Amino acid sequence: MAIIVDNDTRLVVQGLTGSEGRFHGLRNRSYGTNVVAGVTPGKGGQDVEGIPVFDTVAEAVERAGANTTLIFVPARFAADAVYEAVDSGIGTVIVITEHIPAHEMLRVYTYVRPKGITLVGPNCPGVLSPGKANAGIIPAEVFAEGAIGLVSRSGTLTYQIGYELAQLGLGNSSIVGIGGDPVPGSSFIDVLERFQADPETEFVVMVGEIGGDEEEKAAEFIRDRMTKPVLAYIAGFTAPPGKTMGHAGAIISGSSGTAQAKKEALEACGVRVGTTPTEVAELVADTVGTRA
Amino acid sequence: MDLYEYQGKELFARFGIPVSEGRLATTADEAAAAAEELGGEVVVKAQVLTGGRGKAGGIKLAEGADDARAKAEQILGLDIRGHVVRKLWIERASEIAKEYYLSLTFDRGAKKPLFMFTTQGGIDIEEVAEKHPDALVRLHVDPFEGFQPWQGRRLIYGAGLADPDEQKQILTIVGKLYAAFVGTDAMLTEINPLIVTPEGEVKALDSKFTVDDAALFRHPEIAEMRDLEAVPPEERAAREKDVTYVKLDGEVGILGNGAGLVMSTLDVIALAGGKPANFCDLGGGGDAEGVVDALEVITADPQVRSIFFNVFGGITRCDEVARGILAALERMSISHPIVVRLDGTNAEEGRRILAEASPDNLHVEPTMLDAARRAVELAA
Amino acid sequence: MAIIVDNDTRLVVQGLTGSEGRFHGLRNRSYGTNVVAGVTPGKGGQDVEGIPVFDTVAEAVERAGANTTLIFVPARFAADAVYEAVDSGIGTVIVITEHIPAHEMLRVYTYVRPKGITLVGPNCPGVLSPGKANAGIIPAEVFAEGAIGLVSRSGTLTYQIGYELAQLGLGNSSIVGIGGDPVPGSSFIDVLERFQADPETEFVVMVGEIGGDEEEKAAEFIRDRMTKPVLAYIAGFTAPPGKTMGHAGAIISGSSGTAQAKKEALEACGVRVGTTPTEVAELVADTVGTRA
Amino acid sequence: MDLYEYQGKELFARFGIPVSEGRLATTADEAAAAAEELGGEVVVKAQVLTGGRGKAGGIKLAEGADDARAKAEQILGLDIRGHVVRKLWIERASEIAKEYYLSLTFDRGAKKPLFMFTTQGGIDIEEVAEKHPDALVRLHVDPFEGFQPWQGRRLIYGAGLADPDEQKQILTIVGKLYAAFVGTDAMLTEINPLIVTPEGEVKALDSKFTVDDAALFRHPEIAEMRDLEAVPPEERAAREKDVTYVKLDGEVGILGNGAGLVMSTLDVIALAGGKPANFCDLGGGGDAEGVVDALEVITADPQVRSIFFNVFGGITRCDEVARGILAALERMSISHPIVVRLDGTNAEEGRRILAEASPDNLHVEPTMLDAARRAVELAA
């Protein structure tokens, strides 16, 4: 099982012939991910170390059976790449590209979501299901196989926490980096919902940071809809307060967006919040131990 | 990217939203000349990328050129919430009969643009939102539906705006604000106050305007509005070197890869009893060049007593980072103690490289927590 | 039961203060339809013979409990009116207005349909459920109460057929005029599906005409998905062949769009096609008699 | 509204789709002058709102002014499928290396615009669609997604177009065609053939362009392109009177309310053994004015022997129609027998009014079928 990517994943890499796409596409394949195709317009017929390259995603779907895409194309072409993937029948879209304009992602999101397609990113490290598949840039060697779902807005911080868990002998069902963009294709709640439904996941760690109110919303979701234990970590207690223009932002969320506010919101919903990555791992170990 | 009031108004005017005529001034003489040109009573307004100008004495009425010069002298150089006033906007003074509030924001939660409108505009809008939520009409716009006239009607009727002439003007402004918001890839456009003059004319008396950095390539004329001098000099230097740096007030210099990990590092330093001197994100890079650039920026801060180098290798390879550190230490003379924590991709190799060279001021620690404690100790 | 409008319908008329809106709104009320509100911007607070008028549909929903709207506003404002209704929580939208630009309706349709909202029209006579509610311009006095569902692209031709049925003592569960615009909010298939699900409807009459291939598609739907008997009438056997530009149209549908082609397609799917309105009514009477 | 080739090309050019230079001519002399101006070899093309020009001799090559004059004389006045040639498009002749086909249509079934593209363009495109469906790439565009570059790529790669230079040009044309389609509220835009010259230049050699009548108010410059003279004179007269009229070839004049009912009336007349003389829809009106207008148009056809007035009252009230008929008969002298069938709203009252007046040539029948039979009898 795991979530989003697993043994059934048949990955196409949009932008496989670019330097990043090639590096990570091959790295994902080395990990064991079933990388079935690459797409680069005009390079159809070539291959990247045996991975066939097509001109269009439609061909990757029809001829290589791709069902998941990993997008590395430059920001200006990324929205086009997502539309192409979705309209070609791809069911899971993971966008690594950063700096996609927010208004453009807004339209992409609004188009994609009602179709029931899984969209992760943009500006995210991807998804790793240890022992099954890695689609993205997460360093898989840091993580062990296990029953802990991990969802995070941050990249390296996630690796840190995964590493701390592994040090204590704990592994992950899936690690999902949702990215920190204004319009993430998947929110904390979207991923928590999947972990709740995933039989392989017994425990969830959520890694948030300052800004926005997604952690606050997730807290309510955890209280109302989740039966699996969730533990949170928030980065940025010591961060300088963000400068925000105008009043609209504060009025909308009703939240200050500070780490303290998020911690309080989570604790009010019964979610424990670790103060350091190390403590998070220890708390998980305790809880898992308690349950075992 | 946040815009100054005068820049936001320039964009408003471009999209047909009425604003007062005005001139930019950077000296008292320019302010006097602007007042002369505009004639009559003018307002001298500090241009700073923060709120609270009025209370800080950054906005003053002036009658004629001499008065404008005098007021400009008072305002220029003021420190408003850490922003030193270097620019003034001199505009024809408006008589105000009513103050409304209108904004259009990129609502990340709902993932839709959000209009907010109330006839109770002015300074304390957050108070209105809290104490009289019904007076503040909120309306999301579906990006595919786009702006439709009914949305404007919902705002004005919802807010109980009764005057037909005002209704008409505001319906037009609402539509143009949407056009401006979408047309500039804005994250926020806010008009507070949106005033009605005694003659019944509706116009934007202030502007808050934030444009999506990622979309600036589509708007070169807005990208050019960036005021590099408004950024603290050390942050500017960092930006020129592609390093994300924010100065803080402590003594432990922080260097890490990835914003989340760096924020977490600040927190861990605080928990260990220290105070971080800065936020500094190397990003994906970790080569000698990047490390030198970052160390230069960090050590330029005289408060820094020790440096904590916290790297978790992913894409970034720890062996490269280790070589980068050594190369940097060769190229520049740093006397600060440096505590290094390396984990992740090629961490062992990285630690081995550092151990072999082992410069005097370099301390390698096995965990993030240990390293933080050590860095705090060394800064004491 | 019936479909689309019934005793639970709480109708708001957008454009109630216009001459058409007023005439038909009051006529619908006289028939017994629960007309709860009108909407005309700037006329909020007024009333039309006791029907309260609001400035916005949101008010009609909140203060008068409207759940269905009937739109009479001029073509240039009609799309705006539909968006307002849908975004204000109205579940059933019936658009009488004609001459709405096709591209505009295309966007409206694409926006509205995924929300599960019922959209009928534009350029249609509306929906009548005899004995329950009438929302539109259908002359209710022509029709009797009964078990025959009637769906049609045409106005007066529908009345003719309803009249012929009534002459033979047969009545209707609901009469749905879907209109003949390029982008009808509801297609034959949409309405057939509802009749199939409606316990009160025992038999269905479908009234088509030349052009397009909706009747051909409906034929397949009837064959594959309907258990209730359906009888069809197609107008236009003698009509001059339409002039169509280019080849794209014919390539798309693969149908000539003639009445004869439609008749053959329907008969191939086991649907009998009456040759005159009178014969249609007689065939219905025979079939109903057979079943009774 | 269908546009002539030259009008469609004018719109193509406006949106940046390459077309050949040309001139409009309505006389042989104008054609000669156009050829002179353009220089070299030209094509003289009949402008008619129908297909099959080539086979009908409506397209001819000409070398120089005199030849163009001669060819224009041959083509002007030709009857092509009922359309008399009154206009010519004289354009610079193109050498053709390849013929492709590209169209964008409003697909009513899918409720999306539909691109179709094949490298097997030319005349027999329907045959390509039937016999080599894989060679014809079809791609729907979601109206909210709008045009995206990948759609163009799907078309060219799907059709197996290999030449990079052609790919580039056609990708651009595909995007511009979408812009033209949406920007003009088109129902159909078709380029057949889309040619490649021996030099590798891609351009539209023909155009089919249909614009949504309901959207013409947004495009006054396109609305002005309507060629009133292309419509048969009797239909033009009807249109001026707001009556929908199409001439047919029989002897029973038909008048009814609602297109569906009128079509059904034609069918019933045919089943009764008669031949309808026309299609005439009164629409929602039924007052004396409308009835007079319609009767004038119908009786202007010398073939008409009887008139069938078939009205089902809904919004239209039968009593008003009855009064309209009587008033019309008073105002104009009609000797044709008129058979009237009235049902629906106020039908009884209508029949009573007619019965009271009962002019000699008026026959009221109780049902549509009876009335049809009577009208056929009376036309015999």
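Per-chain residue numbering starts at 1, and chain names A, B, C and D are given in the order in which the chains are listed.
Note that in this section contacts are C-beta pairs under 8 Å (C-beta built on N, C-alpha and C of every residue); 3 or more make two chains touch, one makes a residue touch a chain.
Please read all numbers here as calculations on a predicted model, not as lab measurements.
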Worksheet item: By CA centroid distance, what chain is farthest from subunit A?
Response: D
Response to the item:
Expressed in whole Å, how far the mean CA point of subunit A lies from that of subunit B is 27
Fill in: Separation of subunit A from subunit C, taking each centre as the mean of its C-alpha atoms, in whole Å
46
Item to complete: Return the distance between the CA-based centres of subunit B and subunit D, expressed in whole Å.
Response: 59
Practice prompt. Indicate the residues of subunit A shared as contacts by at least two other chains.
Written response: 107, 110-111
Practice prompt. Would you give the residues of subunit B that are in contact with at least 2 other chains, written as numbers and ranges?
Written response: 142, 144
Worksheet item: Think of each chain as a node with edges to the chains it touches; is that a line, ring, star, complete or other?
Response: ring
Worksheet item: Which chain pairs here would you call touching?
Response: A-B, A-D, B-C, C-D
Discussion item. For a test of understanding, state which residues of subunit C touch subunit B in their complex under the given definition.
Written reply: 41-42, 44, 55-59, 77, 79-81, 83-84, 87, 107, 110-111
Fill in: Touch list for subunit A against partner subunit B, complex
75-76, 99-104, 106-107, 109-111, 125, 137-139, 141-142, 152-160, 163, 180, 182-183, 207, 209-210, 212-214, 217, 233, 235-240, 243, 245-253, 259, 275-278
Fill in: Contact set on subunit D toward subunit C in their complex
2, 49-51, 103, 105-109, 111-112, 114, 116, 125-126, 129, 136, 142-144, 182, 185, 187-188, 190, 192, 208-210, 212-215, 217-218, 246, 248, 256-261, 263-264, 266-271, 276, 279, 312-316, 343-345, 367-369
Item to complete: Please name which positions on subunit B make contact with subunit C in the complex.
Response: 142, 144-145, 148-150, 153-154, 157-158, 164, 167
